[in-house]
Structures are given as C-alpha cells and as structure tokens.
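These are the structures in question, set out in turn.
What follows is subunit A paired twice: with subunit B in the first complex and subunit C in the second.
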Partner chain A sequence: MISNLINRKILTLLKVQYSNMLEYRVEIALWAISGVIPFFMLNIWTTNNLNESINISDILLSRYFLCAFFVRQFSVVWVVFSFEEDSLMGKVSPYLIQPLNPFFRYLAQHLAEQITRFPFALIIAFFFFIFNPESIWIPNLGILLLSILSTFLSFLIQFLMQSIIACLCFWTEKASSIERLLFIPTLFLSGLLAPVVSFPSYVKSWIYLTPFPYLIDFPANLLSGNETNIIGGLCMQILWIFLLFPLFKKIWSEGTKKYTAMGS
Partner chain B sequence: MNLRKYLKVYKKFLHTSLASELEYKTNILVDLITAILSLVGSIFLLSIFFQNNGYIGGWKFEQALIIQAIYTILNGITNTWFNPNLTEIVKHIREGTLDFVLLKPIDSQFFISLKKINPSGFLEIMLGFLLLFFCIRINQISLNLIFLTLSLFTICCSICILYSLWFFISTTTIWFVKTWNAIEVLRSFLYIGRFPLNSFSFSLRIFFSVFIPIAFITTIPSEVFLGLSELWKILLEAIVAIVFLFTSRKFWLFALKFYTSASS
Partner chain C sequence: MGQNIIDVRNLSKSFDVSSKEPGLKGTIKHFLRRQTKSLKVIKDVSFEIKQGEIVGFLGANGAGKTTILKMLCGLIYPSEGSILVSGYLPFRRKENFLKNITLIMGQKQQLIWDLPPIESFYLNASIYDLDKFEAKKRIKKLSGMLEIDEELFIPVRKLSLGQRMKSELIAALIHEPNILFLDEPTLGLDINAQRNLRKFLQKYNKETNATICLTSHYMKDITSLCKRVICVHEGAISYDGKLDLLLKKLSPVKEILIVCRSEEDAIKLENSGFNVKNKIKNEITIKIENNSITSSLKTILNNFDIEDLFINEPPIDEVIGKVLIKKDYDI
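== the complex of A and B ==
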C-alpha cells in the first residue's frame, strides 16, 4: 500500500517533469554540446602521443573519453542552483507543506532531463564515431548494465553531495559559490580531463579514498573495457552513498528548522 | 559622446555594485579559494601532460605556464565584468526590464555591459599576474618598452574579442529568450584557451582560429611574451579584435529592432 503510493507519486513527478523538460529541448541540446571537453582532451592526448607513456592504446583511450563524456552527460547535477533560486524566491514554502521531501521533485527533474538528453548524447557519439571509426565497439550486456548502474550511482553521489550543499542555503542564502568550489576537484580529479591512471603516483596514493574517481573514471573505465576493479569500485560508490545519505538527512532536518520563508 | 558623463556614470555603477557585492563577504573568500584551486588544478593537469614529454605542440612546460597565466587573467576579467553583466541581459530581456534601460539617456550597450561588477574576479586577475611575473622570471624574459607595449596591446585585443563573443551570444537572447545554455557552451569552448593551439590536431586548430577565435585570445599574447610571435600575427589579432567589436556593436543595434518587450 505505502510502496504503491510512493510509486505513484514518483511516476507522476517523473511524467510531469519529463513533459516539462521536453519544452526545453534546445537548451538541453546545448547542455549536451557543452559537455564535449573530453573530446578536446582526447585530441591533445592523441595528437601529442601522450598515451604511449601510460600504456593505453589510442583506441582504448578514445573509448575512455567517449565513455567519460557519456557518464558526465548522465551524472550532471544542478540541484543547488535550482534550490537556491527556489529558496530565494520563497518557492520552497509550498513544497515544504506537501507530504513529500522537495528533493524528490529535483531528483525527478534530473532524471527527466537525462531521458530528454539521451538522444542528443547519442547524436554526438554518432559524430564521434564518424571521425573515429576505428574506436567503434559493442560492450557486452553485463558490462553495459553494470556501467549503467555505476553511472547512476555516480549520479546519486553527486546529487547527495550537492543536496547537502543546497541545504546550506538555509544558513547562507548563496550556497552556489560553495558548489563552484567543490566543482574544481570534481573537474580535475574525477577523470573527465585525464584518466586517473595517468595521474602521478603521489596523487594516486590517496585519490581512491576520495569519492572523485568513482564519479567518472570508474564508470568510464568499466564501460570502455579498460582495466578496473569492478567490485571494489561499486562497493566504494555504495559506501559513499551510505556515508552521505545520513549526513543529508541530518542537515535537512536541521535546516528546515532554520527556514525563514524568504520572499513570500 | 560625452566622455566625462560616461566616466561619472561608471563611477556610480562601481559604487553601487561593489556595495551590494560586499554584502556577501564569505562568498568572496570562497571565490578566492575556488580561483586558487582552479589554477592549481589546471597546472596539475598540465604537469600530467608533461610528465613524460618535454614538449607539447612545441611548447615547454615553463612556456605553457604563460598561457595558463594569461588565461587566468582573462578568466578573472570575464568573471569580474562580462559574466555578471551579460547574464543580466538575459534577465532584462526575459522580464522586459530592458525597456527601462532603453529609455535612459545613455548608450544601452554601455549600460548593460558595465552596470555590474563582481569583485571576487579581481583576486583571480591578481593571481594571473603573479603567475605571469613568475613565468617571466623562469623563462628569463628581458623586459623592455617595446615588449611591454606589444604584450599589453595583444592582451587588450584578447579582451575585446572575448567581450564581443560574450556580448554576441547574450544579444541572441532577444530572439531565443533563454540563452543561458549557449553561454555554457561558450564557456566550455573557452576552456580550450588553457592549452597551446599547436597541441591540437590540424582540423581543430582551424576550428579554433576561424569559427571561435580562441587561439587569438591566449596563444598569440603568450607567443608575444616569449618573443616568438611574428608581426603579421599581431596585426591579424588587432584586425580580428576590431572586426569583432564592430560586428558585436552592429549586431546589438540590429537585434534591438526585433526587441518586443515582455510582460508589460
């Protein structure tokens, strides 16, 4: 009964948000285009033959960056910006009255956006294969399912991290600058710009203890068929979710007590 | 054009926007840390590229640092002036408040391009100059008057090109209303400015000098610093800058004819 109700709520939210997102097709296409940085990075790596020193062939590296692009496309999170705007405008108040945590609404928004984004990402991948026909490959079904799972887990980790920061809006009003701060290690350490294998050993020694390599490097390695520790990676992802979730619940319950309903 | 009037108005702009931005003092601190981390991150990325190679696209590590320095300065300028103002244009057009700007007895492009200022970008500019001075020392560049004027001149040209690009995209808001994501695309392409143009493959090099002149923005000024640049390149950059400024101005005036206001 209860699970049925939750299912219905989530389905309705998803449907509403999906039709909402379909309105913004052009914007989402542009979003997809703005994620092409991994391809430029790939170009630097292959033009200068940098991959020889880290023992990854051209083809595997190009697959890696293509997968990094895909993982990034489906793990982009912007909840802090939405929440900041909503809380400054006082839109959070009606959400708080509803018998559903407002973050479900944002979660549905993100998922709906990912579904809308999917065809555009495919088109970009299609163009990528036209320019790099030798890197075409078909991952086997098991790997594909596992990498979809790990991409989703990566999305959840980022969603939780950003939601925690978003809750800081209850105290500081402008939480997005903290998010921009957190984005820097995400950008440089997640493997979006360079695979983590290529990092110098003084970084590699501690980086696997942070959540960052599990955001893009791990799912991308998994999908592209590069060497990676599948069970270890998935365990670390789940571990981070279990660490972050109670933190989010705590900060949410503390924050809502602080809430002052601005702008309404 | 009454220069004194414009200077006086600009002083007022500075005063009001500084006053409102300094309300968020912790934000400025967070932005400073972000700028430092971002610079550290991109130097780290550069060091990965150079860890087994002496040269990338004909550039040594010490030389490539100059590009980083110039990029940081330009990024600081973008964050100080272009970003806060030109995102405001989008808001003006969407909410129809551009009416009030157009009614003012002052040039509308001047008003919307310089109204706001974000002081945290200053720190980034300073950071960039620090790195630049450091580079001048480690590359043993001898300073003389001709060199200084030339490098200052090329940087000014870069600023003009960068401004025109931002302004051009913001202007398209008049037709498309929501160009927030187009700005995101520009931002991600500008990211390429952190690396020497020669490190890309031939086709991308053409793309980044003809369609989106990112090459002109950072690579040519850096070449001037190293004394590698030929005169025709500097002249070309000046011409590109003038063409861009001129076109963006014309484009703005053209776009205003299509402005139909909103919600009033």
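== the complex of A and C ==
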C-alpha cells in the first residue's frame, strides 16, 4: 500500500519532470555532447599505445571508453547545485512542508533527464561505431541487464554522496564548494580517465576500498565484456548505498533543524 | 468559534548571525576570525488561535511575524517553548500534519516555471494522495472561485503576477488544508487582484471553516479579513486582541467637518466649547471623543443651522503605524 502510494508519487513526479526536461532538450543535447571526455582519453591511450602496458587490446579499450561514456551519461548527478540554489532562493521551503521528501523531486529530475538524454547518447554511440566499426559488439542480455542495474546503482551512490554534501547547505550556504573536493577523486579514481586496472597494484588495493571505482570503472568493464568480478562489484555498490543512505538520513534530519528558511 | 487549533507557549527563536566591518580591514578580519553572535528574534511569545479564526500578524519589517509563521508551519525549529498545531508538534512534520496545512509566501513559488500550472496541480495532488478524479474536481472548484481557467494551460513563465498568484493558491489549496499560513499573499498584486484574493480567502474560510494566519503590509488585507490581530514588536507580542478595539484605543477621537449655513453659525459653534481643530469661513472641523459622538452630534444638529456634515475616520495605515513602533498596548 505504502509502496504503491510512493510509486504513484514518483511516477507522477517523473512524468512532470520529463515534460519539464523536454523543454530543455537542446540544453540536454549539449550536455550529452559535453560528456565526451572518455573519447578524448581513448584517443590519448591508443595514439600513445598505453594499452599495451596493461594488456588490453585496442578494441577492448575502445569498448571500455564507449561504455564509460554511457555509464557517465546515465549516472551524472548535479543535485548539490540544484539544492543549493533552491535553498538560497527559498524554494526549498514549500517543498519541506509537503508530505514528500524534497530529494524525491531531485531524484525524479535526474531520472527524467536521463530519459531525455538517452536518444542523444545513442546518436553519439552511432557515430562512434561509424568511426570505429571494429568495436561493434552486442552484449548478451544478462550482461546488459546487470550493466543497467550497475549503472543505476552507480547513479544512486553518486546521488547519495552529493545529497549528503547538499545537506551541508543547512550549515554553510556554499555546499557546492565542498563538492569540488569530490571532483578530483571522482575524475581520477572512477575510471573516467583511465581504467582502474592501469593503476599500480598498491594503489589499486586502496582504490577498491573507496566508492569511486564502482561509479564508472566497474559498470563500464561489465558492459564492455572486460574481465571483472561481477558479484563482488555489485555487492560493493550495494554496500556503499547501505552505508551512505543512513548517513544521508541523519544529516538531513540534523540539517532541517538548522534550516533558517532564508530567502523566503 | 471552535476549540483551540494553535497553542503557542513561551516560544523563542534565536539565530546565529555574523557581522562584518566595512573595508578591506573588516574583510580580512571577517575572513580570519568570523565573529558570530546569537540574536533572539522571537522572545517568549504565547498565544492561542481557535478553529476558523482569521488572525492577522502585524509588525514592522524584521519584527518576527514571518518567523513565527515559519515555526507554526514546521519550517524552522523553535529554540525554546512549545507549539501545538492541530494536535501536532509542527517541526516533526508528520504526514497527517502536513496534509492539514499550507504555507503561501507572496512571490515565492512552488509552480514549475516552464510548465503550465495544471501540471503542478496534478503533481501536488499525487503528493497529497488525491486521485485524478478528485484532483480534477478540486481544481475546477478552486479555479472557479478564483476566476481563472484558460491560463492554467499556459506555461507559468508567461503568466502575469496576478495569474501566477491565483495558480499558486490553487496549488497550495488543492489538498483542502484546514490551516492556512499566508505570508504577504497580496504582495505585488494590483488593487483588483488584491480584492479578488481577499474575497476568495473570505469565501474559503466561510465554506471550510479553515483557520487563517496572515501577515501583510497592506492594511486593507488586515481590516477586511481579520477580526483579531497579533502585533509583534522586536520579537515580542505588543498586542493580541480585536482589531476594532485596537483602533478605538489608538484613535480615541474622530474628526468631524461641519458645513454651517452661514459664517455666523460657524463662529457660534466655534465658541460653544467644542474642541475645534480649524475653521475656514463657514466650514469648521471639530474633534469629538468616540464615546460621545452621538450626544455631541445631537447637540450640534439641534442648536446650529447645519448644511452638511462629514465624519472622518483617521487613516488606518496611520493608526496601525503607531502599533509598529510601540512596545506594549495594554487594552
């Protein structure tokens, strides 16, 4: 019963946010195009033959970076910026006195944006295959479904991490500057610039204890068919969600006590 | 009038605020060693509000009336004291409490900017667990009361301020709340829109017996809607009671302009012991205490040849203005 009601709320939120996102389709297309860092990285890796040092073929590497692009497209999170703006402008106030946590609104916004992004990401992939026909492959259904699940879990981890930082808006107005601290590890340790396998083994052992390699590296390896520990990776993703969710709830609960409803 | 729906006891609220001296020196000092102090913005406030009452909160800018409203609806946490609204502690924001209240802040909107208001209404309806049929019925009823129809299908960004405010009201009232917290709801609206909004609120209160707590700087909002006012001065209540009693207390005399048939009559009246404010030819303005108006007018009409007579109420803004700068009104 309760889950039905929440589902109905989420479904309506999704529908409304999707309509809203369609108003910004050009902007979203540009965002999709701007997420082509993995392709630049692929170019750097292949022109310098860096992949030879980690025993990954050109084809597997190009598939990895294409998958990294896809995972990134469907796990990109900006909740801290939206929440910070809404908080400063006083827009959070009406949401706070509605019987639905405001973060569901942001969650729906992100999901709706991903749906809007999907066709643009497919077009970019189409052009990628035109220029790299040897990289074309069709993952089996099981792997595809697991990859979708893993990408969604990656999105949830990032959404929770940023939501925790967003809640710091209750203490400091500029929580997004704290988010910048996450930018460097996310960029270097997530697998966006290089597969984590390319790191020295003593670094790798530490990296795998953080949530970062499960944001892009793991789902991208899974989808591209590279060797990876599927069960271990999924378990780590779920573990991080279970660790981050109570932390978010606690910070949210403490933060709302600090809320001063400024700007409203 | 029903039982108490809002019960506030010894409520206080403090905020930490940092101050900065001007100039580069002040900036560096502020950067290196920020000084914050606790500012008590609400001081030991107590009051009760009954079901169905419309209460106006009056006060100068920064007096604390909006902060009280924010605490009543559970938006901010009180530092001291207790609040009970409809049997709930507002700050816990229990679902049943939230379904029973609404907060409308002038100029602050919850409508989705790029979509028509109707989309926001259906979204709110689902948040408040209303099915589509019920939502449609309520939207129709509210839009009828507010006289807005085709505009509901136009993106919010293209609506006028008045149309947006009406849409905001529908979004905020779709769940038929029992308690309305309105923070300057007529801010920025033109005279007609203000009047329509007041008419709507009166009608809503009459039809649903909803309790309305209202802050406004437009005295017309207060005088036409509220029988009771709570005046807030520097975070404390300076007056809590009937508006007409406050007005009588603040303006105990009325000015009466009397047009006599001749200047001789005016001179006679001037010398008859009344408190004369001024006299120009056959027109004379006298001040009479509220409690002796009837008898004084009877005397004047019986003893002098009067052509016309005007009773001037002192401007309400002027009268209320006195409340905003005074600490205590003991009536």
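Just so we're on the same page, the second predicted complex is superposed on the first by the 264 of 264 C-alpha atoms of A that agree within 3 Å, B and C clash if a C-alpha of one lies under 4 Å from a C-alpha of the other, contacts with A are read in each partner's own complex, and residues count from 1 in each chain.
Here is the rule we use: a contact is a pair of C-beta atoms (placed from the backbone, for glycine too) under 8 Å apart; a residue touches a chain by one contact, two chains touch by 3 or more.
Quick caveat: nothing in here was measured; it's all calculated off a predicted structure.
Chemist: Between subunit B and subunit C, pick out the one touching the greater number of residues of subunit A.
Modeler: B
Chemist: Quick one: classify A:Ala194 as touching subunit B (first), subunit C (second), both or neither.
Modeler: First partner only.
Chemist: Looking at A:Leu181 after the superposition, I want to know if it touches subunit B, subunit C, both of them or none. Which is it: first, second, both, neither?
Modeler: first
Chemist: Taking the two structures together, which residues of subunit A meet both subunit B and subunit C?
Modeler: 24
Chemist: Once bound in the complex, which stretches of subunit A touch subunit B?
Modeler: Of all residues in subunit A, those touching subunit B are 24, 26-28, 30-31, 33-37, 40, 43-44, 46-50, 52-53, 172-174, 177-178, 180-181, 184-185, 187-188, 193-194, 198-200, 203.
Chemist: Which of the residues in subunit A end up touching subunit C in this complex?
Modeler: Residues of subunit A touching subunit C: 5, 8-9, 11-13, 16, 19-20, 23-24, 90-91, 93-100, 256-261, 264.
Chemist: Report the residues of subunit B in contact with subunit A in the complex, numbered from low to high.
Modeler: Per the touch definition, subunit B meets subunit A at residues 24, 26-27, 30-31, 33-34, 37-38, 41-42, 44-45, 47-49, 51-53, 56-57, 176, 178, 180-182, 184-185, 187-188, 191-192, 195, 199-201, 204.
Chemist: Across the complex, what residues on subunit C touch subunit A?
Modeler: Against subunit A, the touching part of subunit C is residues 15, 70, 73-77, 91, 93, 95, 98-99, 101-103, 105, 108-110, 112, 114-115, 119-120, 122-124, 126-129, 172.
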